[in-house]
Structure formats: C-alpha cells, structure tokens
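After this come two complexes, each holding chain A, first together with chain B and then together with chain C.
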Partner chain A sequence: MIRINNLTKTYGDFTALDSLCLTVKEGEIYCLLGANGAGKTTTINLLLGFIKPTLGSAYINDINVVEKPKLTKNHLAYIPENLMLYPSLSAIENLDYFSGIANKKFKKSELEAFLVEAGLQTSAFHKSVAKYSKGMRQKVGIAIALAKDAKVLLLDEPTSGLDPKASNEFGQLLQKLRQKGVATLMATHDLFRAKEVATTIGIMKDGQLKQQWSVDTLSLKELEDSYLETMSYNSLQS
Partner chain B sequence: MLRYNFKYEWLLLIRNRWIQLLSILLLLLFGFAVYNGIQKVEARQNSIEAAVTELKTQETATLSVLDSLENGHKVSVSRWRLPSRPVVIGNSLARVVNMPAKSTAFIATGQSDLFTHYVKPTVTGDDLSMSYTEMTSPVQLLFGSFDLAFVIIYLLPLLIIAFSFNVLAAERESGTLKLLASQPIRIRTWVLQKLGLRFFWLILCISVTLLLVFVIFSFDFTANWTSLLVLIGYIIVYALFWFVLAFATNIWIRSSAKNAIALIGFWVLFVLLSPSILNQLSNSLYPMPSRTLMLNQMRTLKAEATKKQDKILDSYLRDHPEYAINDSTQTRNFYHKYMATQNLVKEELRPVVEKFETQLENQHQWAHTFSWLSPALTVQNALNDLAGTSEKDYQEFRSQSLEFAQQWRDFFLPFMFNNQKFAKSDYKNLPAFAYTYKEDATHLRILGLLGISFMIMLLVFLLKPMKQKISIV
Partner chain C sequence: MIVHTFRKEIKELWRDGRVRIAFIIVLFLTAIAVFISTNHYKNVNEQYVEASANEREVWDNQGEKNPHSAAHYGTYAFKPKYPLSLIDQGVDKYTGTSIFLEAHNRNEAQFIAASDQTGLARFGDLTPDFILLFIIPLLLILIAYNSITKEKENGTLTLLNSQGAVGWKIVFGKWMAIFFPVCILLSALFLITGLLLSNLPDFGVFSWASLFTLLVTYLIYYAIFINLILIISASVSKSGIALVLSLSVWILVCLVLPKAASNLAEYKYPYPTRQEFSENIAQDKKQGLDGHNPWSKAAKELEEQTLKKYGVDSLSQLPFNYDGYRMQKGEEHEAEIYFKHYNYLKTQYSNQNGIYQKLAAISPYLPVRFLSMAIAKTDYNTHWDFSDAAENYRIETQKFLNDHFAEASTYGEWGFKADADFWKQLPKFNYEPPSLSKIIQTNTSSIIIMLVWLVGSFTLLFFTTKSL
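Let's turn to the complex of A and B:
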C-alpha cells in the first residue's frame, strides 16, 4: 500500500511537488496523468528515496520512505521509462543478479518461471539483453518485480515508446499483478492505457493533484476532455 | 549482495574483454620489464666478472714472476714493476671490491644506473680516486628504465584508473543505476564492493602474471619466495591506494569524464609532480656546495702537502716508531713520503668532504622524511630496497669499500715502511672483500601508504560532502 501525506518538494523558489496526498491500496492501479514537469516523476523519485521531500511524508506498506529507505525497498519494485539492464548479461542472469542483491535467491527453474510469467519468450531467456527491444526489457523488469514479490509497483511512463501490441501485453501483466494484490502507481501520458488498466486516475499539473476519479465513473472521452480542460484552464478541482 | 556482485562482476568483466586485454597487457608489460631488468643485472654482473677475470689473469702472471724471482730466475720485468715490491702488488693486484646483484635486482634499476658496482682500491690511491660519482647517460636518466618498478609505479595506476574510474558513473550514464538504487542496498556499499572485487581480480591477475613471468625467466622461487611475497605485498598496498582514490572519486564526482580527468590529475600529482617537487625542495633547502670548488681545495691541499713531504714523513715516523725500528735499511723513497702524506691530506680534507656529504645526507634525509607525501616515491624506495639498488645500498657499498681500502693500505704499509719484499707466501694473507647487504626495516615504510589509504577511506565515510546522499537522478 502507498500512502502519501502532504508531500512537497521544492528546489529553491520552484515547487516541483505541492502538498500531494494520495493513497493506493492493495490491488489498485493508480495512474498519474500530466504533462512534462507536472510532478509525476518527482512523486515516484520521492517514494523511491532518490530525493528527499521538503515537507510531508510517504509510506510504503506503512514504512516511512524517508526514515527507512532501505527497508521500504524490500517491498517495492520499480520500472523506469527506459529500463536498462546489463547488456552483456542474459535475461536470466540479469534477473538472478537483481534478485540476488535484493536478497532473493532462486533456482534457475524458478527464475525461468518468473520470466515466463512476465511474458518473455523462452528463446530469449539466455540471449544477451543488448539485443532486446524495450518491451522485452520491460518484461524482464516485471519478472524482477515478480521475483522480488513486491507489494508495491512504481512505474514511470513504462509504456512510452512501446508499440501497441507490447503496450497491450504490458497492460495485461499489470492486471495480473493487480489480481495478486500489488498496489501500482503509474506515471503516464497515455490516457488510453491509463483508462484501460487503472482503477483510479489522477491528473497533475504544476506539482498539484488537480483531479482524481475512480476509473469506472468516466468514459475515455470524458477523461480526455477533463485532461485537456485541466491542462488548459487549471481551474477544475476534483 | 557480495556473492552476487562477485559472481556477476566477473562475468561482466570477462564479457567486456577487459580481463583478457588486461592479462595480455600485464603479461607483455611485466614480461618486457623483467626481461629488461634481467638484462641490466646481467650486464652489471658481467662487468664485475670481467674485472675479476682480469685480476685473476694478472694474479697468475704476477705470481709466476714472483715465483721466478724467488727461485732466482731472471725475469723480463722492469725494476719498478717487480712484484716483490709491495707497492706493485698493492696497485696492480688491487681486489675487485664489488657489490654483487641481489637475486631480486631485476625488480628495480634504482640507483644502479648511476653508481658503479665495483671499485679497485689501490694502495697508493686515495678514497676519492674510487669514483663514487654519478655516471650515466643523461638520455637514460631522462627516460628512466623500463623495469618492473616502472611498470608498477607508473603504469599500474593508469591500468587501475582505466579499470575503476567509472564504476558508478557508468551505471548512471547507462541507466542501470535507477534499477539498482530501487533495490534494498546502499549504493556506497555497492560501489565499495564492486571496486573491492575489481581490486581482488586485478591483484589475482597481477600475481598470476608475475608468477608466469618469473617461471619463464627461471626465477629461483625456493630461495626468494619471501622477496616475491614482499613484492606482491607492495603491489597490493600501492594498488589499494589507487583503488581507494578511485572509490572517493566515484562517490564524489558524477560523470565518467570528470572522474577520469580527476584520477589522471591525481596520477600526475602523485607520480610525476610530488617526487619532482620533493627533489626540488630538498635541493633548495640543502644546496650542494660546488663540487668544482671542493676538487680545487683538494688539489691545493695535496700540492701543499707535497711541498712539505719530508717534514710530514719525519712526523709520521715519529708517530709510527715501529716502522723506523724494524727497517734495517732506513731507505726512504717517493712512496714512503707519498703514503705518509696521504693520511695527513685525508685528515685535512675531512671538513671539506664532510660539508659536501652532510648536505647530501641532509637532502636524502629530507626526501626520506617526506617521501610519504608521494606514494610513488614510497613504493620506489621500497622496491629499490627490495632489489638492493637503493641509495642506501650504494652508501653502504661505499662505506664497506672505503673500509676495505683502508684495510688494503694498512696491509701494505708495514711492507713498505719496513722495506720488506712481498713474498709469494704473503699472497694468501692479502685482505679479501665480501660485500654484505644490510637488511633493515625500511619495508615497514610501505605501511604508511596503507595508513593513507585507510585515511582516505575514512574521509569518504566521515567527511560531510562525501557523506551526502549519492545522486541517483
């Protein structure tokens, strides 16, 4: 579970994140929409402990991310916009390495099972990831999350640059994880994908959460209109 | 984490062809350096052996003449060169006082290309006639020697820099750092482990390469295994210093390019500049008196002594009545006067020579005291000590050979002043010289470098700017 209370990050006079409050419960997928510089990535970086908040607090499974960053990371998995792995290692080796340093030890068959579950074709398991497409690398990222048994998944624009098929497959993987009770926070520009996978959608602008809906309460058209309206007028409140 | 870092660091290195390239490079560098060192040592030994062979040939001929003389045969040798004259034996059969190369001499040329390895102190020669002055080609001095010490001190840090400059920055630049940092690990510890493992692999690589090279060049392991261990110990300490520096740079500076520039800057500072600065400072603080003036003073003193030779001889004989009493002929010639004058000249010259030597000693002492400021200098001194080619070794050789020269003169003085002929039976009583290497605890100096490495490490963990969170984004 992710809980963010009044989270604020400023750089001098510039406020990158302004009093953000949100909660992502188990089995929920929360999509943060917004233009570049809206504060989506800052939110994820704060949750990962990559940067320290100026004000407020954030919790992963009720553990304070500022006070116990290392402990928090036992419970979360992260897939950045462009997931980079060690190019001279194969998928299975990358998975073994990242699981290993997170203190998760698996047999080869178990590692292969994670990759299968993440949807990576078996023929690619032992090939160097240097030859992988972005979609394939994202699948290895999902496998790392599966191996870690992470209860929280942080995704920073994971579908940008993916072709529609790969993007669709990625969406299906997220649904699988959701069914397992994983709480997912995804920053994205992709309204269509957000509508398809999310349980809750929030729109951010200038570091503030401007609107928030349960995905069942609005259509894609309504979401698009609201998004454009928020971006244009900056006046609506949820 | 360590187990996985260990396993995958090795795989990553192998697949990047780093280890293969490094191994080949190390093998070539170490191989050529050892070959070069051995060639130099052989040249040194050959020159000593040639001098010894020449002496033996001369000895055989001289003893044959002496034998003929003692048996009343006629010999075709001028009166002045008859071997029954002690001064002839004392000059022509002067011993080859030499400092044989240690079995580890190939490691570091050290001062061996500056100083001689053998002298032949004659009975009429003074201490200064034994040339201890530097003698080498200025071109050789400019370029130095491509020996093992050169590879270790100059080239090894460059290999380490190439091997370690971007451990963290490369992760940041390739994008893997974010995924790494999202794992429950401390990036500082991760970098430390990664560099520690590279250090381990490099030392392993160096040790195997060294063993291989030594096997190729038939190094006597049984007799010199301690020296080999000490050598590897020095390499470990020196490499550790550079890895610690690389660790601090990786933590402090963000980009690969800046890291590389910073580390190359450290290399220039520690390897090139600081020894040179120390040398310049020692020259400025303890300037050497003019050697030309010293030589002029010596010549003046000798000339003055020559004028007073008769008086000096009288005075000398008064001090050494045993010579006057035992000699029935009471004949006094040029050599008696000369030998009597020698001691006086030596005494009078002492302050002049001492002034020169004290300054030299001060320079050495100063450089020695501050050598810890330059890790390169510390390791160079340690390797020179190990190879037996340090300045201290040559000072020791000088001291032992001067002592022997006095012994040699003292042996012949009773013969000369008693006007006693040198007999074949006296030959076996001629003083013999055997150089003994003086071992001391200078190896411990290297521990200072180890201390500096730990201090840098402590700074990385304790200094505020270093303690700051490593930037991931």
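Let's turn to the complex of A and C:
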C-alpha cells in the first residue's frame, strides 16, 4: 500500500510538489495524469527515496520512505519510461542479476517462468537485450517486479513510445499484478490506457493534485474533457 | 550482491571486445619482452661466467712475479646477473658490469650497457617491467574508466537503486571483476616466468619467494590503480570525462611525478662531478701515507713508530720486509679515504631516496618501482652492496699480497718474486647479494607507503561509492 501525506518538495522558490495526499491500496492502480513538470516524476522519485521531501511523509506498506529508504525498497518495484538493461546480457541474465541485487535467488526454470508470466516470447529469453524493443524491455521490467514479489509497483510513463499492441499487453500485465494484490502508482500521459487499467485517476498540475476520480464513476469522454479543461485552464492561467 | 555483481561484470567484460584485446596485447607484448630479455640475459650471463673464469685463470697463471706488481696488474670483480633481472632490469643498464681491482685505487664499475647502445635506445626498451609498470595500468584504465559512469549514462543505476542496491557493494563487485582477470593473467605470466627462470642453466640462484613477493607487489599496484580509476568513474557523470581524468592521473603518477622527483632529488642533493670527486680523493691522498713514497712526512713518522714498536735501530733489523709493511699501511690509509668519499656519495643517495619516499605519498608508482628493482636485485642498493663487496675484496687482496711481500722477502729486496702457485691461494671473489628478508627490511618505508596507498584508496573508494 502507498500512503502519501502532505508531501512537498521545493527547490529554492520553485515548488515541484505541493502538499500531495493520496493513497493506493492493495489491488489498486492509481494513474497520475498531468503535463510535463506537473510533479508526477517527482512523486515517484520521492517514493523511491532518490530525493528527500521538504515536508510531509510517504509510506510504502506502512514503512516511512524517508526514515527507512532501504527497507521500503524491499517492497517495491520500479519501471521507468525507458527501462535500461545490460545490453550484452540476455533477459534471463538481467533478471537473475537484478533479482540477486534484491537478495532473491532463483533457479533458471523459475526465472524463465517469470519471463513467461511477463509475456516475453520464449525465443527471446537467451538473446542479448541489445536487440530488444522497448516493449520487450518493459516485460523484463515486469518480470523483475514479479521475481521480487513486490507489493508496490511504481511506473513512470511506462507505455510512452509503445505501439498499441505492446501498450495493450502491458495493460493486461498490470491487471494481472492488480489481481495479485499489487498496489500500482503509474505516472502517464496516456488517457486511454489510464482509463483502461486504473482504478483511480488523478490529474496533477504545478505540483498539486487538482482532481481525483474513481474510474467507475467516469467515462473516457468525461475524463478527456476534464483533463483538457484542467490543461486549458492551466494554459490560460499561464 | 558483491558476488552477483562480480559474475555479471565478468560476463559483460568477457563479451566486451576491449578486455579480450587488452589481454591479447599484454600477452603479445609480454611474450616479446620476455623473449628479448631472456636472450639478452642469456648472452650477458654467458659472458659473465666466461669472463669470471678467464680472469681467474689469468690471475692463477701469472707465473713468478713480485706481489706488488701483481697488485698493480690487478683483477676484475664481475657483477652477477640475477634471475629476476629478467623481469625488472632496474638500473643495471647504467651501473656497469665489472670493477677493476688494483692497488691504491678504488675504481668505478665499467662496461655500462647503455653506453654500448645506439641513440635509438633513448626511445626506451620493451622490457617486462615497462609493461608491468606502464602498459598494464593503461589497459586497466581502458577497461575500467566507464565502469560506473556507464551505469549512470545508461540508466541502469536507477534500476539498481530501486532494487535496494548498496553502492559500495556494487562497486566492490566491479572491482573484483576488474582485478580478478589481471590477477589470473599476471599469476600465469609469473608462473611461466618462474618455470622458465628455474630451468635456465647458469642463471644464478632462483627464488620462488622473491618471484611471489614481486607478484604481490604488482598486484597491490594494480589494486591501487583500479581504486583510483573507480573513484574517478564514481565521481563524474560522463565516461569521456572519466577517461580523460584517468589518463591524466596515469600521466601524473607514472611519468610526471617520477621525473619531477628525480630532478628535485638531484637539485637538492647533487652528486659531485666525476672531476670534483677525483680531485677531492687525490687531495686527501696527498696529505697521508703513500706506500710508494718513503720520503714523505707520513712515511717518516710510520718508520719511527715501527722502529720504536719493534725496538730496533734500522729497518733491515725488522723481522719483515718494511717495504711490504709500508705498502700495506699506505693501502689502509687510501682505503679509509675511499671509504669516506664513497660514504658521502651514499649519504647523498640516501638523501635523494628520502625525497623519493616523500613524493611517493603522491605517486604509488615510486614505492612500487623501488620495491620491484630491489626484489629483482637491480636497484642502486644492490649495486652499492656489490661495489662495497668488490672494494672489501680489493682491500683483502692487497693485504694478502703486501703481507706476503713483507713476510717472504727482506728489506730492500725489490727483485723478490712470489712462486707461480702462490696466486691460487687468494680466495675467489664470491659476492652474495642481499637476501629477500634483508631487502624487505631495507625497503620497509616503500612497503608502508604502498600499503598506505592501498588502504587509503580503498577507504576513499568506499566513501565515494557508499551511496551511488
């Protein structure tokens, strides 16, 4: 579970994140929408412990991110916009290494099972990932999360640059993880995919969470209108 | 985490062409260097064995002769070649190979190898020590300069951090992956060299302990270099900058600082010129007893003292030939003069060494260079040791000859000739170089500085990479 209370990050006079409050429970997918610089990535970096908040607190499975950053990392997995792996190693070797870093040891057959579960073609398992498409690399990222048995998944623009098929497959993988009880926080520009996979959607602007809906209460058209309205309001304001 | 990273890095390094090319370069260059050095030392050693035997034969078979004539005729002390000089030829090339031993004079070693070479020798020789001290650190830079920067540039470091990676453990895994192949390669090369050396005929006493100590010295040197390269790689964000900085460190540590140390040492503690040195000795000799001059003030004083000591009125009443006795006293006086002046040279050398030791704090090359030469017995200390042993042998030889002249002839009997068999009674010159334990004892400061570099660079690496 992810719990964020009044999380604020400032750089001098600039406020990157302003009193953010949100909760992502087990089996929920929370999509953060917003323009570039809205504070989505800052939120994820704060949860990862890469940067320290100016104010507020954040918890991963009730563990304070600031106080125990190493411990919280045992419970989460992260897939950035461009997941970079070691190009001279195969998917199996990359998975083995990243699992090892998280102190998880698996047999080869178990590693293969994670890759299968992540939807990677069997024929690609032993090929160098230098030849992988972005979609294939994202699947390896999901396999890393599966191997880690992460209860929290942080995704930063994971479908950006993916073709519709790959994006759809990725969405299905997230649903699988959701069914396993994983709490997912995804920063994205992709309204359609957000509506497809999310349980909750929030729109951020200037570091603030402006709107938040449960997906069940909202159609794609309404989401699009609200998003555009927020963005145009932003543009007019600026 | 460390072992995982080590295994991953080994795979990456092996699949990366750089390491294979670097290995091939080292093997190729080392093979050539060992081949050239082996041939060179085989030739030199054959010459040493032949010259030593010939010279002794000439000495033994000089026939009936006045002992003091034989003292002036002289003989040679030849400097032996040591097995590990094949790896590090040190200053051997510049210190000469033999010393002419004669009455009244202490001579410098002559037949300096460098003087026989053409101007092309200024470009340097391809020797194993050149590869060990300069080329391998350079290849380490080419292999390791982007170890950490590539993780930053590729974005894998972010993923590693999200997996809970501990910076220093990742870096130590990388460190092991760079060090391990070097360790294997170097151990294999030293093992082959050891087998080669231990099977060479007439190549002196080979010591596996010395070879192992030399191997450990170089491994520590490379460990320090790897630490420096990784500290740089961890401190900057771009691989290009890491490469330039690492190469700058190599230039500074291996080329600039040793030259600067040498210049500074020579500037602060200069050796006298050869002319000054000779003039100073000649001046001192004039003020003392000359065995050939019975009319000098010092000779007259000795005469009076001797007559008084033996309670006789004339030199012919003495129970020995006073001419031989005076010759020996003259030799003893001259030996003291040489001892004094050579001691001054040694003091200057020791002071220069002090400068090197101080500058070794900013260049790990210096202590390693000194240790390597010392273990290979090709440093100045060993040369001084040989030179002193040759001088002691010269003094003993003169005493042996003068005593015989004094005891076997009568005063004024300048026509006296020793038997043809007499010369064989002179013990052979048998130089024993310093043992490994003595070398380690003499070079304790270099060892300490090297270990301080090792521990210091590890500590700095740990704090630099604690949180990547």
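As a convention for this text, the second predicted complex is superposed on the first by the 233 of 238 C-alpha atoms of A that agree within 3 Å, B and C clash if a C-alpha of one lies under 4 Å from a C-alpha of the other, contacts with A are read in each partner's own complex, and residues count from 1 in each chain.
The rule is short, and it goes like this: a contact is a pair of C-beta atoms (placed from the backbone, for glycine too) under 8 Å apart; a residue touches a chain by one contact, two chains touch by 3 or more.
Quick caveat: nothing in here was measured; it's all calculated off a predicted structure.
Peer 1: Clash or fit: how do chain B and chain C relate after the overlay on chain A?
Peer 2: Superposition result for chain B and chain C: clash.
Peer 1: Once the structures are superposed on A, label A:129 by its partner contacts, choosing first (chain B), second (chain C), both or neither.
Peer 2: A:129 contacts neither chain B nor chain C.
Peer 1: Considering only the touch criterion stated at the top, classify A:16 as touching first (chain B), second (chain C), both, or neither.
Peer 2: A:16: touches no partner chain.
Peer 1: A:48 in the overlay: touching chain B, chain C, both, or neither? Say first, second, both or neither.
Peer 2: both
Peer 1: Please work out whether A:155 is in contact with chain B alone, chain C alone, both, or neither, and reply first, second, both or neither.
Peer 2: Neither partner.
Peer 1: Which chain A residues come up in both lists, the one for chain B and the one for chain C?
Peer 2: 48, 50, 70, 73-74, 76-78, 80, 82-89, 93, 97-98, 100-103, 144, 154
Peer 1: Which part of chain A faces chain C closely enough to touch in the complex?
Peer 2: Against chain C, chain A makes touches at 48, 50, 70, 73-74, 76-78, 80, 82-89, 93, 97-98, 100-103, 144, 148, 154.
Peer 1: Please name which positions on chain C make contact with chain A in the complex.
Peer 2: Listed in rising order, the residues of chain C that touch chain A are 1, 4-5, 7-8, 11-12, 15-16, 154-156, 158-166, 170.
Peer 1: Quick one: which bits of chain A touch chain B in the complex? Just the residue numbers, please.
Peer 2: 45, 48, 50-52, 70-71, 73-74, 76-78, 80, 82-89, 93, 96-98, 100-103, 141, 144, 154
Peer 1: Which of the residues in chain B come into contact with chain A in the complex?
Peer 2: Chain B residues touching chain A: 1, 3-5, 7-8, 11-12, 15-16, 174-176, 178-186, 190, 469, 472-473.
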